[in-house]
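Look at the two complexes coming up: subunit A is in both, with subunit B in one and subunit C in the other.
Then we have the complex of A and B:
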């Protein structure tokens, strides 16, 4: 959190003559900015104070107070704490100015806020729904929105005990009163409009990059059912010959409104749900979430737990990157044989995960104040063998076969370039950002857990192309192995959980934005608690979702065949993108 | 670009292919469908084929492996089945997708609730295998099962009822020996302590 004593007397804020106030609710932080001053204030923060990285935009529905609050988290790319801004707007016609023209990285995030919370962003060039479809009625994160099968406001549901009566959800009539639709809705007259809006937005944006106008532009769809899209994901490309002149991602096919579910859940019930975000890296997701809640609770896990967490998080990074290398080859056309070799390493690490947590992928391993169970000396020994022998050996194999391979270099070098300025502007994070020459790693920039104790380097490269993203990931695996070696040597004996694990935790009122460097980038959890057993607001800043903002930029001018590789190089997981 | 990389790539696969046969020879035919063979293929020093040929071969699962929950019962001295569950409702409250339904038993005469479940149902279509129910049950009455081959032809019966959920303590011990021994020990210790306390107060 950003307890900035210096900023309180910052002349920049004094300039606004008391119009910009600190958020002085207990447990809250940052500044409340009037709607009309937002643009000017953000501009000055960016230009005069160096807050050049827009990490997250989200919104909270304070229903009882009658307003929505849009929350911005800004950072300096040079490192340090956040600047949190809040803008309030009435619930009747919610509208705030768009930051799109200051930070293009606001694009998808503002669309998400519009989609789920219904806040209009004035000046956003393409404010369409992003996760839901255009015909969807209502904005589900508003507190008074109820879904079909709506049972009760919050869990635990009263009907489960002591008078439980099980029934299949399908047996309930989905068209009963709980389905909302507009009063004047007539199904016979309704026409689907999202596709035409998507196509027209593409035509406007797609400026011709070829001089001549001889060849026609056509729009093609890649996906949603396509082996190269790593899930159900669609890219709508405007092409001129073989070249991309415009591209819009369309997704949400796997949307389940994780955040609404999370706000109904009690705090602890959210932990297994985070496993399902980025299902390759469930340990990291657990870590990000429990850390955010621990921030609110003021809980400090014991030493041993911190070490176990770091070990698990770094093993996850190894899994993710090795897996990614395999799938990069898949995208390059070496269908599945190389990725199956990469899966071997993953299998061995997943064995470790299964042994400690009970499940290979849906680990559900971390708890508030520690982890669910200790790791045994045998498991530690297994990890030791992996990091001292197996992983370095295999990584060397990968490097020998791939790093200088002609095919890889020919296909990846100079493809999908995102320059340094663009990467920052598009709020890219993780390996995508670092491959563009920005050595920004939250483990270093704002260390969490015990990362400040380990000796490791932040891997980065300077060209910002697909090949550099590959190099950064390979390097990162090496650094992870370095951290793992240190962690395994230093891990102390002791308790693995602070206190006793409880099924009802008391979380004091307040907000917290906990972020970690997940393998895919900056994974943030923004949580608002009102002291009740359920979070009032639960927002996930999903790295692979926000990294997609720069996809069009990377693809412009490239050939259709390379789009597949470029998408692969961002490393998306649809469980996290669609949430 | 002279195609050398393609040959090199194929070489990797070819090496893998031969490794597999060399390993097979080294194992003298014991590499497949034997316990050691399976362990040998999930080991950090494995060479060649890595895969387990399910369903002929099955990976042994770890003690902590979890799939669906089940209820544990003890056998009393009279040979009666004693359900451990007291219908306290903690598991149904903590369950994230809310797939546990419990009805408390009532005394047929007085109508007062008894601490035993009348209905205990888990919708296994909804269960997300998180293990919270087992983790937070204060009576060690619900535990996670190792059985994972539960495909069925129809959805009917996917709401598991009490009878289907009940499994003996011995079964529990057979799949989770360390956990069950530890719990038994803790129980005995607690009882001994209670005894001591009651003796000292007398």
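Then we have the complex of A and C:
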């Protein structure tokens, strides 16, 4: 934390007469706030110090010390470093006041912490499980919770070939789970309650909007198997005629336990798993994760590696936005033909990825302190042709066909509006935030890697509707191409990896929150290490997940057909939403 | 009229129709038309779905094999491509969709996750392979499989269809084909066929914990 912020917060902290302490464990940062002071302190931070953007809420299980810690990362929307707050609560009856009423963006994140860690948030209006289902046994991220096929606490496991014979986890555990059933559990009498709780929460939300209206309301389900929900996403909408009066997203149909698996893995084993978070932008995910671990290790990648990383991250941004434009048209009803044009450009960039990393989609390319292998002059030439000739030309085509198209303007303008204040309050990030008139881009607000060297503009628009989100993304592709041109010209010769490549990295104890501007928004990795080969805590702040907090707000009052477009405009990838 | 054996025709074609009429075993023509119009269900689960979409796009062009018509409705689909990780929360929906498909129907497990859990197998809410619930016809390896691999899987399925015969096709046999019971989300995913075992398991666990408690109280005493 910088000198200035420390000095600025000091009088505020002093008001609390030593009850708010700095976290003075080595490698840790931020303030430890007593549970009862949290609300008042956060309120004062927001109103008096301008920390108006709640970036992430997560939790850590310090089993050996007997408490859970809830970790909050607050930022100023004008830019600058973070304010980290920590609240500790006992492991027996963990309970923390909810920040829902100060930052509505806490909604889904608090539900996630409740779901996976089992910490209750007092005052949260709708504290249901979010990724798992009601009735699921236990809270999986607690350290003493054991998953199906549990073998050992940490990887690498001892040999699976004890005497030259393979042994399978299924054989050791024929039920394929370590589930503890309640005593005298009778499956035939089981009644699940997820659905009814979901519907009742929807009814409550809907009732407050159109109380006076007497017409009938109908509840419809979109998904999880629905061609326009971009994967296994589900929305439950309460409609009145064609109009949405309430809408609840339902997640978890692709919950793949990244965090639990990540805590068993060694640090380097997590890199291929990050590929599978946002599977359209694997390179950006790699970058976010290695950067967070490098913060802990205090490692500085060599110049050439930094340039390669920026080139790959920006190519990913081009892929993502071009792909998104194609699929927005899909959502508008131009089925598949526009996507074919988008996929054509994507294939060209995937060829580059395949050449450098060996895989089209799951690149697994970056390592701590650099990248796994160098890029050849031929690849650089290929990228040069792409960014100097092909991509600008194709982007111009897209703009000519789409930007002023009457149909697109009629369908997108004024739809799904999220105002500036709402966007900040709902912790939106990325193009969704910037389309609402907040020019907040982490590449500028808190530059990482070598982004401070490049000349580019932060794309933003002011109406906050679907059309502006389209404009912002088109503009961002242009800016990415601008960065790519500079990077291709300036890339120096030299090593591409700091030190020797190694399987087991030594990560000192401490915590780090590394965040990057991924194509979807703010991608953060919160990592706690205790000096062992495995992370103690590995949390992903997924932009698409948190951007969905504002979905209901955007959809209220719109027509059913527009909901599909609004969902598309947020740009979600389910691998990242459900993790 | 003489009874004709339609599968091995030995009657000759009249001269005026030669060149316009072909005589072929019915299995062959039936399978030929089926194998070249396998309509997959438009149903993406995870990362593999992106490669599935790319396979349908212009570069790999799945329509060369007659499978470009992706149907969002299970009623109109012949092939269910399980394209990605199957989670416990999603299994009930997948089984329900499979039950709704009309015969003849095929299932392709695309990628490591759908085939056996893949990298996420150890996770607590991941089903290790869809073949625990559905009969899988083709497994396509890869994480994710490249479009070429998916096309190879499709060609393998076509070869499999070629070998099927009307005579012993299960969907023309007497008696309705049994639906697969939809699993239920309880404390964990519960397969209805395993209820007895689950009950037994639960009571055994209860007994064990009782013994543990009595043992520990003895120690305390």
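Please note the rule applied: the second predicted complex is superposed on the first by the 545 of 579 C-alpha atoms of A that agree within 3 Å, B and C clash if a C-alpha of one lies under 4 Å from a C-alpha of the other, contacts with A are read in each partner's own complex, and residues count from 1 in each chain.
Simple rule for what comes next: a contact is a pair of C-beta atoms (placed from the backbone, for glycine too) under 8 Å apart; a residue touches a chain by one contact, two chains touch by 3 or more.
Given the structure is predicted, the values throughout are model-derived calculations rather than measurements.
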Considering only touches as defined above, state whether A:144 meets subunit B (first), subunit C (second), both or neither.
neither
Which partner does A:386 reach: the first (subunit B), the second (subunit C), both, or neither?
first
Mind working out whether A:268 is in touch with subunit B, subunit C, both or neither, as first, second, both or neither?
first
Determine, under the contact definition given at the top, whether A:344 touches first (subunit B), second (subunit C), both, or neither.
both
Examine A:362 and indicate which partner it touches, taking first as subunit B and second as subunit C; both and neither are also allowed.
both
Now for A:455: first (subunit B), second (subunit C), both, or neither, which partner does it touch?
neither
Does the superposition put A:378 against subunit B (first), subunit C (second), both, or neither?
neither
Answer with first, second, both or neither: which of subunit B and subunit C does A:92 touch in the superposed model?
neither
Figure out whether A:406 sits in contact with subunit B (first) or subunit C (second), or with both, or with neither.
first
Does any part of subunit A touch subunit B in one structure and subunit C in the other, and if so which residues?
169, 272-273, 344, 347, 362
Sites on subunit A touched by subunit C in the complex:
131-133, 135-137, 140, 147-151, 169-170, 175-177, 179-188, 190, 192, 194, 224-227, 231-232, 252-257, 260-261, 264, 272-273, 276, 279-280, 336, 339-340, 343-344, 346-347, 360-362, 574-575, 578
So in the complex, the part of subunit B that touches subunit A is made up of which residues?
1, 4-6, 8-9, 12-13, 16, 42, 44-46, 50, 61-62, 64-66, 87, 89-90, 92-96, 98, 100-104, 113, 119-121, 123, 126, 128-132, 135-136, 144, 155, 159
Flag every residue of subunit C that touches subunit A in the complex, lowest number first.
42-47, 49-51, 53-54, 56-59, 72, 84-85, 87, 89-90, 93, 97, 119-126, 128, 143-144, 146, 184-188, 190, 195, 197-199, 201-203, 205-206, 209
Would you mind writing out the residues of subunit A in touch with subunit B in their complex?
155-157, 159-166, 168-169, 265-266, 268-273, 334, 337-338, 341, 344, 347-348, 351, 354-359, 362, 364, 372-373, 382, 385-386, 389-390, 401, 405-407, 410, 501, 503
